[in-house]
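In the two assemblies presented below, subunit A is common to both, partnered first by subunit B and then by subunit C.
Moving on to the complex of A and B:
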């Protein structure tokens, strides 16, 4: 017995050491790969962050997100406790274990296996203050981890207790890693308990050790001690060896992800190093499954973001591409992700990388002429404002106050355009209807389909036309256009507003007055206006003044997708309808007179499936205008 | 003892089947939800392919029913409340509390026209000069087809396949009669106003039946109707109340913009609003693909429902032209007769 204290070595540490060395090597290789795939500017950011004060923020964030799992606590307490007890408990076991060595065996610090198998190599006594404190702490955190593991097991059977309707299905690699993780701590507990009559132990290990001692009297004393330590070591090895191919890679990569994010690195238009870290940071917790309407309404479980990241990781490009082409990019999964993986951007990048330009110049015609069939439109006026084109018969070009861009989808819902024109007229605003007789697409649908080159051509042409009007304010009716006008266009000196923002401005400035009707209505937040652009307040402020606005459980960030986004070009209409029907049913569970939205695409989607009255906010306001 | 048959629906199929069954000595009750017999036929002016007046055909059928009043009883303003299986036959309860013990039930509930408002981009219900094919037929009855401001239309465009072969509105099927109706109505416009220019915007012209192809040729050679292969993308109103329509001539590969005085939407057929309710009451199967009733097969049991004693005829089993509907009704009568005398 004494040689083990003297040697501080036993063959059972070998499996652990194999795993340990393997994980270290993997970490180095992964880190080098990530940095290699980053653009130079991002690498500099990473280096600079190391020496900045923001590093403390990063440490705090890592502590809060990776160990305490604060975001998951906010979702569900049980789920939060499960995650943080395992992560934080394990971390504390490692930390306290190392401190313990500094106290009792400072000369063993350089042995990497020493803190892991400490109780086997070291005798302590619980009667000393130091010993009792460490015994207590170590047992306390072990109990914490064990309770977390117990909950993890229960979660596999009763996930509703944890606020989840669905959870991920595990493949063999995840199963192997998970079961070995589940084994590590009970085995450690048993090993320490069996050893506790020699090494001493805390309230947990010593108490159980005494119980086992009683059993032990019937058989060869201490026969189980070394097998238990062997089993513990092997469980650790299996876990480490399976780590790179399992969901648990996130334990390592999430730390890196938080570091990179705090260093100012953002997802870019290419799936580079940062995207790689994001993909490996997906813990397959499955929190994105319930929010995904493809999963909940259209039985498309295989299209969920959690499966998408997995397919990208396993380089199953076909399946990943399919999921990207189905995704409506409503952002509900991004909102739900506790790690902050922007899977929508990952999908967009994947699509963009897959576009094959058979006709690279197919939007060249927009350069030549806005609309070859028409010479009398607003477009023609604007685009031919060169001296030779401005024929004397043409009306004098004025500079309007506001330029109105309805967008293609609003052309398909003419009631919205009509309403907007009436509102402009009622407010006495000098406006020009830029795409009244047809315009050029804003470019967002192409962008969502991954065709960035085509999109850029349209953006350039539209920018030219909008700036040529000289207007200082641009109002658009379609949130899809609004998003790209705001984010991508460079319209210097032009304020871009969605009509919900603009109408509210008109109301608040007293330019239009409305009366309130007794109509009962609910408001549906369009994805592109709500989650993508953060406009939640304005439509509600308007609606409070014109009708009896009711609440649904699907407001703001929890809003549902109408199933008709410009993305998701791969999804069949049948599936889109299933999503639309389900969303409409949920929102009108308490009957209302009208469902109001602020997007022509949402309006069409809902109008095409049911008999409920679906209207745009502009139509509602137009109806309630008080004309002076 | 005479057999009793309840016919649900008093349109052409229901009337023709009733006449046929009465001729074989059966007692027939026609249950009609509106206040008169005739169905969609009563709304139509003239019928393809030979411009026969709809009213004459309807009158002939009504006269036949009147002559057989000992055998045919018409119950208007009534609907089927419930149908229960009894030892012999079926107990049919009507909404007016009348109970009929029937040996067989024939469902002829027909079709509904597609609600053109669902395609907002075509402007029906928004712009005054956008009509449906049914609205136009109503105006043909009065021999006057004028714009909202009372002008004679100079340019008229017909849009084919509105609510047919359109995945977006969950109608993936062809309604069969709209192509030829559009050709008929285009010719009628030219007869009424020879100066008018008429466009037909189609995606396919399905001139499948007898005399249809000839009508189509006559429309071009005699009446000078324009046929443009392309779907309508959007409609907007001009300052003077005309309609600017955007489409693409897919044969020339060219976008097109035409300003017209009147736009006619060729609305397709869809399963009638009562389909779901009836399918529950009578235990009928509804096709998941087109939402019309399913028959036992499409050949020898083409009028048999999956439930014993219940039969189907007319456009409730999918879009049909009037001649097809009438033949289907007669074939249903034959099927019921065989079933009752077996």
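Moving on to the complex of A and C:
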């Protein structure tokens, strides 16, 4: 009995130490690999962040996200408690355990196993103030972790209690890691209870230990003590050894992810470095499953982001590519992710890596005709509407205030274009309709398909044409175009606006006046305008003035996808329709007169399915114009 | 001999037994809707690129199915992937995916 207090060692610490050394080694190798894959500028950012005041923000974020899981609390209280009780409780057990050593056995602080198996090596009394406080704290946090693990077990059976319709199916590596994690704390509880008549214990371990003592009087030995500590140690080892190949890698990598994110590092164009940390940070919690419309409406569960990141991690390129080519990139999973994994960017990177062809001067055929400086071209016609410009000169005579770019999709829904032209005319704005007779694509579809060089070539062509008009404001009707014009194009001195923003500006400046109709309508946020570009307020401000706007549960960031985005080229048409039909049904559950959207693609998508009236915001405004 | 611009016309006969159907098979395996095309030409009528060049998706699909890949590899890069053709296709052919696949497969053949 006394040698264990004197030696502070027992063979059962060996399994734990194997796991401990392994995890440390893994951590070093992983960190070196990540830093090696970062560009030099990002490495500098990482180093600079270490010595800046923002480090405190990072520590706060790590505390809030990794330990308390604040984002999950906001989704569901039960789920939040489950995650934070395990993470925060475990952290506190480690922290308080170390403090305890400083109090009672400062000379043992250098033994890494000592705090883990403290109760076995140390006898302490609950009669002292210090002792009783530590006993209470350790038992309290142990109870917290145990309650979390109990909830985790319940969640595998009754996930609806936790606000989840679906959760991930686990493969054997995840199962092994998860079951060993579940075992660690009950085993610790048993081991400490069985030892409590020697080393003392708190409200939980001591009271259970007394029960055990009562049994013990019949058996009259302490035969179960050491096997329990062995089991506890082995459970820890199994958990540590499976950690790098399981979902629980996120415990380590999420800390790094938050640090890198706060240091200002963003997704690169390749899936290593920061993006690699993101892949390992996916905890496979499955919170992205319910929002994904491929899963809920089109029964394409294997295409969900959580499966995608897993396939990327396991280098199952074929499955990962398939998921990437199916994904509509509506961003709903990214919004739902509590870790902040931008899986849409990861998919784009993967797609781009698969596009190996490049064509030099691929779109030079546009040059001669699309250049608005040229006469006789489709685009030039528009510029030469004024009589003096109609003369066959090579110069653009007038500089319009606004250049209007309808986009390819709007050409398929000409009512939007006509409405916009009427609005421009009613406001008395001098405008140029850049692609009236069919312009070229904005480049976003190519970008979403992974063809980055092709996209750049189109961007260059369009930039030239837009700057040549000399307009200071550019209005586009298609959110797909809007997104790339705003983010990727370098249009210096040109303000890029979506027509919802522009119409609102016109209304607020008093250039157009509208009357309010009694029509009941709901607004559908297009993915590219809402989640991708953050425009939620403007369309609603407009609609409040022109119709009786109703609310749906799918507003703002929770908006649904129409199923026909420019990504997802691999998705069959049937599946797209299933998504569209479901989205339309959900949004029109309470009957309305009209469903308003701000994207030609969404409009077409819903219009071909239902009998409901689907209209673009520009059409609605155009109808309600008060002409003076 | 001086070239007067006249000559014997090449035979237009396509021997489907000897034609190179591998590209068609590869694409059809990854995008089954490729086989649904019934050559109505709606895609070509709406095509953004077709406004400026002779790019003709209907023709390219037909050529792939006949194994005449020369014109396909010459023209396929002109597509801007804007997706109008996909929207108007009455048979729901995933035209954007077909174009992507043709690009990828032809590139893989060149480097092989």
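Here, the second predicted complex is superposed on the first by the 595 of 628 C-alpha atoms of A that agree within 3 Å, B and C clash if a C-alpha of one lies under 4 Å from a C-alpha of the other, contacts with A are read in each partner's own complex, and residues count from 1 in each chain.
Everything that follows uses one rule, which is that a residue touches a chain if its C-beta (ideal position, glycine included) is under 8 Å from a C-beta of that chain, and two chains touch if they have at least 3 such contacts.
Treat the numbers as computed from the prediction; the structure is a model and nothing was measured.
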{"item": "Side-by-side fit of subunit B and subunit C on subunit A, or clash", "value": "clash"}
{"item": "First (subunit B), second (subunit C), both or neither touched by A:573", "value": "both"}
{"item": "Touch count on subunit A, higher of subunit B and subunit C", "value": "C"}
{"item": "First, second, both or neither for A:192, with subunit B first and subunit C second", "value": "neither"}
{"item": "Subunit B versus subunit C as contact partner of A:525, first or second or both or neither", "value": "neither"}
{"item": "First, second, both or neither for A:418, with subunit B first and subunit C second", "value": "first"}
{"item": "Which of subunit B and subunit C A:354 touches, first, second, both or neither", "value": "second"}
{"item": "Touching partner for A:254 - first (subunit B), second (subunit C), both, neither", "value": "neither"}
{"item": "First, second, both or neither for A:438, with subunit B first and subunit C second", "value": "both"}
{"item": "Which superposed partner A:619 touches (first subunit B, second subunit C, both, neither)", "value": "neither"}
{"item": "Which superposed partner A:331 touches (first subunit B, second subunit C, both, neither)", "value": "neither"}
{"item": "Clash-bearing segment of subunit C, relative to subunit B, as chosen among 44-52, 62-70 or 98-106", "value": "44-52"}
{"item": "Contact residues of subunit A, present in both the subunit B and the subunit C interface", "value": "411-412, 437-438, 573-574, 604"}
{"item": "Subunit B contact footprint on subunit A (complex, rising order)", "value": "372-374, 411-415, 417-418, 436-438, 573-574, 577, 603-604, 607-609"}
{"item": "Residues of subunit C defined as touching subunit A within the complex", "value": "30-33, 46, 48-49, 51-53, 77-78, 80-84, 87-88, 92-94, 96-97, 100, 103-104, 106-108, 111"}
{"item": "Sites on subunit B touched by subunit A in the complex", "value": "118, 120-121, 123, 126-127, 167-170, 234-237, 244, 246, 255-257"}
{"item": "Touch list for subunit A against partner subunit C, complex", "value": "325, 354-357, 359, 362-363, 365-366, 369-370, 378, 408-409, 411-412, 437-441, 445-446, 449, 451, 454, 458, 564, 566, 569-574, 601, 604"}
